[in-house]
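In what follows, chain A forms one complex with chain B and a second complex with chain C.
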Partner chain A sequence: MVELWHAFIKALELIASLDSEVMEITRRSLAISVTSCSITSLICVPLGSLIHFNRFPGKSVLINVIQTFYSFPTVVVGLFVFVLLSRTGPLGELGLLFTPVAIVVGQVLLIMPIMIGLTISALSGIDGSVVETAMSLGASRTQASILALKEARFAVLTAVIMCFGRAISEVGLSIMVGGNIKGFTRTLTTAISLESSKGDIELSLALGVILLTLALMVNLLIGWLQRR
Partner chain B sequence: MLGVMVILFVVGCTASAARAPLFPAAERIRVATTTSLYDTGLWGHLEPMFEKKYKVELDILYAGTGIAFEYGKRCDVDAIVTHDKAREEKFVADGYGVNRIPFAYNHFLIIGPPEDPANVKGLSPEEAFKRLAETKAGSFVSRGDESGTHVKEKEIWGAAGFEHETVRKSGAWYIEAGRGMGPTLLMASEKNAYTLTDAGTFLAYKGKLDLVPLVDKGAILLNVYSVIAVNPEKCPKVNIEIANNLINFLTSPEIQKFIGEYGVAEYGTGLFIPCAGAELEIQ
Partner chain C sequence: MLEARGLGKDYQGRQVLQCIDLQICEGDVLCLIGPRGAGKTTLLRLLDLLEKPSGGELYFNGVNVTFSERLRLQVRRRMSFVLQKPIVFSGSVRDNIAYGLKWRGEASKLVRKKTEYILELVGIADYADREAKTLSGGEMQLVALARALVTEPEVLFLDEPTANLDPVSGAKIEAILARLIESRKMTIVMATHDMAQGQRLANRIGVLMSGRLLQIGSPVEIFCLPASKEIAEFVGVENILSGSVTEKNGGLATISVGEVTFEVVTSCNVGDLVWAIIRPEDITFARVKELSSARNVFQGKITRMATVGALVRVEVDCGFTLLGVLTKKSADDMGIEPGVDVYASFKASAVHIIKR
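And now, the complex of A and B:
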C-alpha cells in the first residue's frame, strides 16, 4: 500500500514539475484519443441514426453483430491494422505503420461499433412521438433525425465518453501498430507497459494516475458541455 | 453536440501541434532491436548521439529477435539489431538483409536463487540444464518468445541431450514468460526461479533481483549482437543510406569505445565488449 501512496506522490510531482517527457507523452495520448474519438463520432452518430430510423431485413442481426464487436480484443484489431498497413500489406504504400496515424486508424476501428451501437440505443430510448410530431409538422427525415439526436444528446455524449475511455486506455493496439517509439508513438499506456516491464512500478503507477486525471478532465469538460 | 466535437478536435489538434507531430518527418530510420539491448538502456544513449550526428530521427522498436526478423521481412524497418547468428545468416542468405555486421558481444548467464536448490553452481551450461530437467528442484523461466535468448536456451537444451518440446511439456517447473528479457528476469525473481539471461540485462537489473549468477562459463554462452541493413532490392522503400550510416556509427571507434565503457560507472563492469565487424569464434 505504501507503494501506491508513493506512486500518487510521484504522479503529483511529475505533474507539478511539468516533466517534459511525461507531458509530451500525455499530450500525445490525448491528441490521438481525441482525434480517433472525434472521427468516430462524426462517422458513427449519423450512421447509427441511419440504422435506427430505417427498417431493413437483417437489422436485428446487424445490431447483434455490432454489439458483439464491443468486445473485440484490442490486439486483434491491432493485428488486422498491422497486416493492413505493413509495407507488404494492401495499404503499405502509405508508410503509415508505426506512426501515430496508425494508432488512430486502429482506435477508430476499435470504437466504431461502440459508437454506432450506443447511438442506436440512445435513439431507442427517446419518446417516439417527438419524431412523429416533427414529421407531421413537415420536417424532413434528416431534420427529424437531428431533432431525435438532440433529444438523446445525454446518452449520445455518454457514448462519446465511453469511446474516449476505450481509446485512451487501450494498450495492445498502440504497441502493435504504433511500436511504442520514444518521442513519436509512445503513449501513456504503452509507457506504463514499458516502465512496468523495466520494473519501475512507481513510475508506472504514477503514469496511471496521470491517465485517470486526464480522463477525469475530459469527462468534466463533456459534463459541463452537457449542462449548457 | 457538434460543438463538443469541434472543441474536442481543436483541443486535440493544439495538443498535438504543440510537440508531437502526427505525421512522420521526412528523414526517419526505423530499427527493430532485441529487447536485451533496450532493457540495458544502451539505446537510450545511442539514439540521441546518432540523431545529432546524422540529423535524422531514429525510431527504435522494442522487439524480440523473432519479431525483428518478421518486421525486416515485411519491409517495415530499415535495419535490425539481433543476436541469433543462425537466423541472421538465413535472413541475409534469403535476400532480406544486406550484410550481417557483428558489433558487440557478451555472455549468457544461468542465474537462479542464491540457495541453488538444484545445485547447478559451477557446472557447465549443458550439465546445469540437465540437472534442472532431471531434478526439477526449482522452476525455470523461459523467454518463450523466439527471441535470441530463447533460441540460445533451446540450443543449450539440445546440447544437453534434450528435446526442447519434451522439456516444455515436462511439468509446471518450466514456465514460459513470453516477454522481453527485463520482464522475464523480474518474473524469475518473483518466482525464485532459474533463468537464462544475457549478462548485460542481468547487470542492469541486478538491483531489482534476488537472483545470482550460477553458471557463467562455457563456449555455448557466447552472445554476439549484430546489425543488419534490410535489403533495398527486396524492400525498395527502405532507407539503405541511413541504415548504412547506422552500421558505420555502431562500428566507429568512438561508439565502440562508448559501448565498451557503457555501464562501468554504474555497475562496476562493462555490459558489452565491442567487436566491430569481427566474426567471433567460440573460444
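And now, the complex of A and C:
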C-alpha cells in the first residue's frame, strides 16, 4: 500500500514536471481518439437519423443488431482490422498495420454502432410531432431532420462523449493493430499495460491519472456546452 | 385553388377517409366539423401535403400535386398548417417564428423584418425574447399561429386551434383569425368540433362523418337544412320526428307523426317516409290559442324546463315531444312552468324534411 502511495506521488511529479514522454503519449492518445470520434460522428449521426426517419423492412432487426455491437470486444475488432490490414490481407498493400491510422480505423469500427444506436435513441426521445410541425411549416425532409437533431442535441452530445470515452480507454485494439511502438503508436492505455508489466508502476499510475483527468475534462466541457 | 378528387386514406387496412371531393377557392373559410375520429385531421394532413393519399388526386391551381416529391414540397411551402398540439422548438419565440422563412431560404434581413411584423400582428412582441419552451399553452398556440402566418401562406390550415385552450386564449386566437379573414381575405381550412366557432368564422362548412364528407354548404344550409338525420343530430337539432307524407297539395304537404299531423313545405311525395326536423328556436309558445300565420299549433303540457344562461329550454308533450327555447323573461311573463298547458306553434316552412 505504501508502495502504491509512493508511486502515486511520483506520478504526480511526472505530470507536474510535464515529463516529455508522458506528454507525448498523452498528445498522441488524444489525437487518435479525437480523430476517430470526429470521423465516426460525421458518418454515424446522419446515418442514425437516416435510419430513424425512414421506414423500411427489417428496421427493428437492424437496430437490434446495432445494439448488440455496443459490447463488441475490442480484441475482436482488433483481430478483424489486423486481418484486413496485414500484408496478406485485402488492404495489406496500403501498409497501414502498426500505424496510428490502423488504430483510428479500428476505433471507428468499434464506436460506430454506439454512435448510430445512441443517435437513434436520442431522436426517439424527442416528440414525434417536431418533425411533423417542421414539415407543416415548409421544411424539407432534410431540414426537418436537422431540426430534430438540434432538438435532441444533448442526447447526441452524450453519445459523442460515450464514444470518446470508449475510444480513449480501449487497449486491446490499440495493442493489436498499433503495436505499442514507442514514439509512433504508443498510447496511454498501451503504455500503462506495458509499463506495469515491466514493473514501472509510477509511469503507469501517472498515465492512469492523466487518462482519468482527460475524461473529467471532456465531461466538464460537455456540461459547459449544454448549459449554453 | 385547391381541389381534391376522390381522396382516400387507409391506415393498415382501415379506411380513414374515402372519396372526398372538395374544392377550396381563394378567400374561402371552410370549417370541417364532425365527431372525434371522423377523419378531420387526416383530411387536413392530406390537403397540406404532409401525407400522401392512398387514393384519389389533389390539384393545386390546376396542377396535380399528388405524386411528385419536389412539387409537393414546393406547394407545401405556399401553405401553412397549425397542428392541434402546439409544439415549439428550442430557442426564443423570435427564433421559432423565423424557422419557416429560413427554410424557404429568405435573406436574413427580410426574415428579421417579417418576424417583427408578425410578432406585432399576433400581439406577442412582449415575449419575443423568451425561451419558447417556457410559455403557457395559450401563448404557445399564439406562437404556432404566428409561425404559420409569417410565411404569408396562400392557404392556412388549422386543426382545432382553440380546443386545448382556456376561453380567454381561445377568444384571442379567434379574434386574430376573424381579423385576418376580414382584412386579408385569407383562405382558411380549419377542423373544429366547436360548431359555434364554425358558424362565427366560416362561409362554408363541411360535415365529415366516419371518413366521408356528407354535406358541404353555407352555415345556414348545414344548420337549418341538414342533409341527413345524422348531420341534424350532430349539428344540434333536437326535434327530429319520424313520420310519413300522407297528403300533398302543391308545395304543401301533410305529414303524420304518430297520432298527430302537421303541415310542411316539401318536395317529397305521398307515401314517402321522412324525418321532420324543427329547430327549437323556430317554435313559439303562448298560453292562449291565438291567431297566427303558423299553420301548426299544438296544445301540450310542459314536462321539463332548464335554464341555460338567459334562455329557458322547455320540453312540451303534445302527443309527441317538442323542444323549444324561450328567453327567461318571456317564460316568466307567461308564467310557464312544468305542468302548465301551452300552445306551441311553428310555421310550415320552419320544418325541414329529410327523406328517409
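Quick note on the criterion: the second predicted complex is superposed on the first by the 218 of 228 C-alpha atoms of A that agree within 3 Å, B and C clash if a C-alpha of one lies under 4 Å from a C-alpha of the other, contacts with A are read in each partner's own complex, and residues count from 1 in each chain.
Keep this in mind: a residue touches a chain if its C-beta (ideal position, glycine included) is under 8 Å from a C-beta of that chain, and two chains touch if they have at least 3 such contacts.
Model, not experiment: these values are computed from the prediction.
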{"item": "Side-by-side fit of chain B and chain C on chain A, or clash", "value": "fit"}
{"item": "First (chain B), second (chain C), both or neither touched by A:Met135", "value": "second"}
{"item": "Greater chain A contact set [chain C / chain B]", "value": "B"}
{"item": "Contacts of A:Lys150 with chain B and chain C, given as first, second, both or neither", "value": "both"}
{"item": "Partner chain(s) touched by A:Pro100 [first = chain B, second = chain C, both, neither]", "value": "first"}
{"item": "Contacts of A:Val34 with chain B and chain C, given as first, second, both or neither", "value": "first"}
{"item": "Angle at the Cα centre of chain A, taken between the Cα centres of chain B and chain C once the superposition is applied, in steps of 10 degrees", "value": "160"}
{"item": "Chain B versus chain C as contact partner of A:Asp127, first or second or both or neither", "value": "second"}
{"item": "Shortest CA-CA distance between chain B and chain C [superposed frame, angstrom]", "value": "14"}
{"item": "Those residues of chain A which chain B touches in one complex and chain C touches in the other", "value": "150"}
{"item": "Contact set on chain A toward chain B in their complex", "value": "24, 27-28, 30-32, 34-35, 37-38, 41-42, 45, 86-89, 92, 95, 97-101, 104, 149-150, 153, 156-157, 160, 179-184, 194, 196-199, 221-222, 225"}
{"item": "Complex contacts: residues of chain B adjacent to chain A", "value": "1, 3-5, 7-9, 11-13, 15-16, 18-24, 30, 39, 47, 57, 59-62, 73-76, 179-180, 182-183, 186, 205, 208, 235, 237"}
{"item": "Residue ranges of chain C touching chain A (in the complex, touch as defined)", "value": "48, 50, 73, 76-77, 80-83, 85, 87, 89-90, 99-100, 103-104, 144, 147-148, 151, 157"}
{"item": "Contact set on chain A toward chain C in their complex", "value": "127, 129-130, 132-140, 143, 147, 150-151"}
